[in-house]
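What follows is a pair of complexes built around chain A, which joins chain B in one and chain C in the other.
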Partner chain A sequence: MSKKILDVKHLKKYYPVSKKSFLHAVDDVSFSIFQGEIFGIVGESGSGKSTIGRSILNLIAIDKGEIYWDGTRIDSLDAKGMLEFRKKMQMVFQNPLASFNPKQYIGSAFSELCKFYKISRHEMNEKIIKLLELINLPADVLTRMPSQLSGGQLQRLSIARSLLLEPDFIVADEPVSALDVSVQAQILNLILDLRDKMGLTILFISHDLNVVERICDRVAVMYLGVIVEMAKKEQLFSHTMHPYTHALIEVNPIEHPSLRKDREIIAGDIPSAVDVGEGCRFAGRCQYCKKGLCDCVTPELIEVESGHWVACHCPF
Partner chain B sequence: MKNMHDNIVEINNLEVEIISPDGLLKAVRGLSLNVRRGETHGIVGESGCGKSVMVKSIMRLHDESKVAYSGNIFVNNKNIMDLKIRNMRKLRGKEMAMIFQNPMTSLSPIMTVGEQILEVLTAKSNISKDEAKKRSLEILEKVGITPGERRYKQYPFELSGGLLQRVMIAMSMVNNPELLIADEPTTALDVTIQAQILDLMKSVQKSTGVSIIFITHDLGVIAEMCDRVSIMYAGKIVESGNILDIFDHPAHPYTKALFESKPKGSDRAERMLTIPGAPPSLYDDIPGCSFALRCKYACPKCHSTSPKKIELDKEHWASCHFSREFFEKKELLHDE
Partner chain C sequence: MKKKKMGTLFTPPMMISAIILAVILLISIFGTLLAPYDPEAIDLANTYKKFSPDHWFGTDAMGRDMFSRMLCGAHTTILNAVLVVLFADFIGVPLGLMCGYKEGLLDKIVMRIWDILAAFPPLILAMVFVAIFGKGELNAVLATGIVFIPMISRLTRSSVLSEKTKTYVETAKSLGYTERKIIFRHIFPNVVPTLMAEFTLDIGYAIISLASLSYMGLGVQSPKSDWGSILQSGMALLFKSPTVALIPGIAIVITVVALNLLTDSIQMYLDPVQRRLPHIMKYKKREAKHNEKYA
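Moving on to the complex of A and B:
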């Protein structure tokens, strides 16, 4: 297997909601990403998946834990120290319209970045032409305002901009959730191309199981700030071990009307992540919950099979 | 005439033009649609194809000083285009009701959810306040908001998105309407909550027999919920039929492309098929077929002549010059 490029160890991020209570956005999460892979994080809203993405890029300060990029610890770096790493690690956000300055031409959104990183005009032009070719857009988009372009075009530009500094690693935070299906496929194909042609390593955050299954190598399933299951995609979907992953797959919309059946639909709402106590976070909604065990003792994420990690007292 | 009675909604050649700051938006362009009594009819389309404008027209919810309609919409055999707004108001809630994508913005933030249900009840029927409160509590429990007594007194901000959508369903069903229009009711919800809401809608339909128009962009939700489906593109229905016909024998290239671009399977060596370009702007006139510019099968005829509806099978039609060939899965000869 290729080498570990990113190492996240015991990452914790709590947000204060009052003097005494905290929202446990991410609670002791550890994982590694290998060079050239697309690592997916899937989970519902409030599971902490975006917080992880932002923490890795040092966009928010973490409370505890360590993040290593290629052996160098980066979570403790200040803005200046981070500059060098920002070239290597970039981010693509969910809403492409909000990722561009509405009063700035697309072209200057690109050139601003080049100026900041002292890239010569000549080199910049060459790079931009190459990138536009890659994302299959004509050069005249550079003279447009964000409001004149469609969501799909802007998302492609947002990906192109993230590639301008030739990064090794990209965090894509729900990059296709705001897009229509026909455009979604264009972006997903582009992301696969980037990996195959440029050897990028990608952290792909999504709530959509179909999308994750389509493009990721390994997947971590998150629930209320913790990873409940992590495995190679094939293992995760064919040999699901955690009841929550199972429930997610069960409620995933079907592909064809002939597959309609009475589904076991998981009951209840996603609970609040404020002041979560001991015990499995999923215990309250889990139909296999063992009283006295699951609701009192926090299960640890353990490697049950080679490469297949589960945090559950009684996995399938 | 028998057909008329089977259909709860019948839309003939509807056109809706909206005056907007950017010019005249021709949002619906000659749309025809039948919804049968008791069925769940799915409407699929991408953002900006006019699907929300169309269903809002059924409720006549547009600002009518800025909207020009032409064509007819029959609901329960009444042409609602002829009704005065005053009479229209009587129909809303009682004969037809609507739920929206974002339940948080559909409810008043300063009234308890119970009071809002009660208000709908007392506004539409002559019942005493005590009776209305009893009914409100009943319906809250029926849509799975328990304990009703406590929830009745809660404000929208105290409830989760899933519970609020349940409140919306309770509110819309409280006067037993015959038609429920659901405009992307689960798009803003997480998948586990989406499944719960879809399940609730199914059981509500089972117990009341209400006809549902279900708008979504998610083909998976359509597969789960609907009896019949209509595919909408650039202000028109381009294909309509029974759910199995549409899933197994799509006869419009846009329908085919939608299915093909859905992420499925896990073979990454194969790229997903995409639809190039973007939908046309509804401010412009579109000569010929509106999908021609993005269609890989388009020929000169498609760019000049607007295709007619082609009947393919019982209740399955599509408007593409080559629908019959697609339907019979024949290869198209021209290669442009």
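Moving on to the complex of A and C:
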């Protein structure tokens, strides 16, 4: 197995709701990402996926826990100390139109970044041309304003911008969910392509299981701020262990009508993450919930089989 | 080709207001040279004259030629109003940017001070500052400018607050840009349209504020006069010779309306979404240049 490149240990992020109650956005999450893999995080809205992505890049301050990049602790670094790691870690956001300054030409957004990191003009031109070739866009997009380009073009440009500094690691925060399906496929292929060509490691945040199944090597399923199941993609989809993951896969649309069958759909909505008590967070919606166990004792995330982690008292 | 260019910045309202403002600006610069009479020459034989070829705008209570007085007054009025707003923007905008972006102790302190200042009517406040600095033209400008600072920095701050939640600011942070760069290179250009609107609007307010101070004898000192002091001197003669008050009033209205029209056009132009097919030619040129370079 290749080496660990990113290590997240006991990450906690609480947002104060009032003086005494807190919203547990991310509650004691630990995972590692290995070099060259695409690690997926799936979950409903509000499960804390994006918070994890932003914490890793130090865009929000975390409350507890440690984040290690290649052995160096980065969560406590200030802006100056972080600068060195910014080159290695980049982020791609969900809304491609919003992630470009609306008053800036695309070209100037690229050159600004190069100037900031003191890349020479010559090298910059070469890099930009190469990247445009890679994302398959003509050079004249550089003379456009963001509002003049389509979502797919902008998302490719936003990926290209994040690659400009030749990072090792990219956090892709729902990079395709704002795009339509045909464009989604283009972007996903581009991401896979980049991983193969540039040896990138990618943290892929998504709520779409199909996308995750298509692109990721390992997947973590999040529910209400905790990881409930984490496994290799094949393990996760063929041997689902956590009832929540099971439910997620169940509700995933099936393309062919004759393959459709009756499916169990979990009742209710994701509950509030404010002041979550002891017990399994999924207990309230889980049909396998054991009274006296699941709603009292918080299940630990344990390795049930090689590489397959589950936080459940009664896994399948 | 030319028609397409007309559609971008040079819309009809923009053209009209720009021409009016250009004329007013020229008058305010060269007015003193164009005046047919000495604006301060008292001619008691010719008081309250109506419009005539000799006196285009008539004469006032002391027989002074209104046309000459308006021309010379334009200089003082426009220059002082622009100075007021420039001064207020120079201090208010950076302050608003910092407060809006950092939102810390500085923000709290500054905003509370502005709250206190806002409790007083602006004119009273300006009078207080004039009382502190002493009366006179420059002090009136300074006092009005100070009164305008809270308004401008508040507006800047609130625009920054809404801008900084947008993803492009987060992107800039994730790229490692410094705070100063994010504030001035990324957020500032996006609040400029709002500030432009405020700038031209404020010039109108400044004209009125300065006029009020002049009326009370705290601003422009006699015999020098601006549109405001002429207007106020006409108030007493409203029934005897309404033109003395009407002419500067109309001049102020035309100036302010033209400023507002211009603001609207500029704002529309600066907003790339509202802009009608911008700079097709410019892109074509850039594209050609680019192709040349990398051919």
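By our rule, the second predicted complex is superposed on the first by the 316 of 316 C-alpha atoms of A that agree within 3 Å, B and C clash if a C-alpha of one lies under 4 Å from a C-alpha of the other, contacts with A are read in each partner's own complex, and residues count from 1 in each chain.
Heads up, the rule we're going with is that a contact is a pair of C-beta atoms (placed from the backbone, for glycine too) under 8 Å apart; a residue touches a chain by one contact, two chains touch by 3 or more.
Since the structure is predicted, the reported quantities are computational estimates derived from the model, not experimental observations.
With the C-alpha superposition on chain A as described, chain C and chain B fit side by side in the combined arrangement. Shared-chain residue A:Ser147: touches chain C; no touch with chain B. Residue contacts after overlaying the shared chain place A:Lys88 against neither chain B nor chain C.
Between chain B and chain C, it is B that contacts the larger number of residues in chain A. Of the two partner chains placed around the shared chain by superposition, chain B is the only one that A:Leu259 touches, whereas chain C remains out of contact.
With both structures placed on the common chain, the touch criterion links A:Phe100 to chain C but leaves chain B unconnected.
Contacts of A:Lys12 after superposition on the shared chain: neither chain B nor chain C is touched. In the superposition on chain A, contact is made by A:Leu188 with chain B only, not with chain C.
No C-alpha atom of chain B lies closer than 7 Å to one of chain C in the superposed arrangement. Chain A residues in contact with chain B (one complex) as well as with chain C (other complex) do not exist. Across the interface of their complex, chain A is touched by residues 46-47, 160, 162-163, 190-196, 199, 217-221, 223-224, 226, 243-244, 247, 257-258, 261-266, 268, 271-275, 278 of chain B.
Residue ranges of chain A in contact with chain B, taken from their complex: 44-45, 150-153, 180-186, 188-189, 192, 207-211, 213-215, 233-234, 237, 247-248, 250-260, 263, 265-267, 269-270. Of all residues in chain C, only 166-168, 170-179, 181, 185-186, 189-190, 192, 270, 272-273, 278, 283, 286-287, 290-291, 294 touch chain A in the complex they form. Residue ranges of chain A in contact with chain C, taken from their complex: 54, 57, 59, 79, 82-83, 86-87, 90-91, 93-95, 98-104, 112-113, 116-117, 125, 129, 139-140, 142-145, 147-148, 158, 161.
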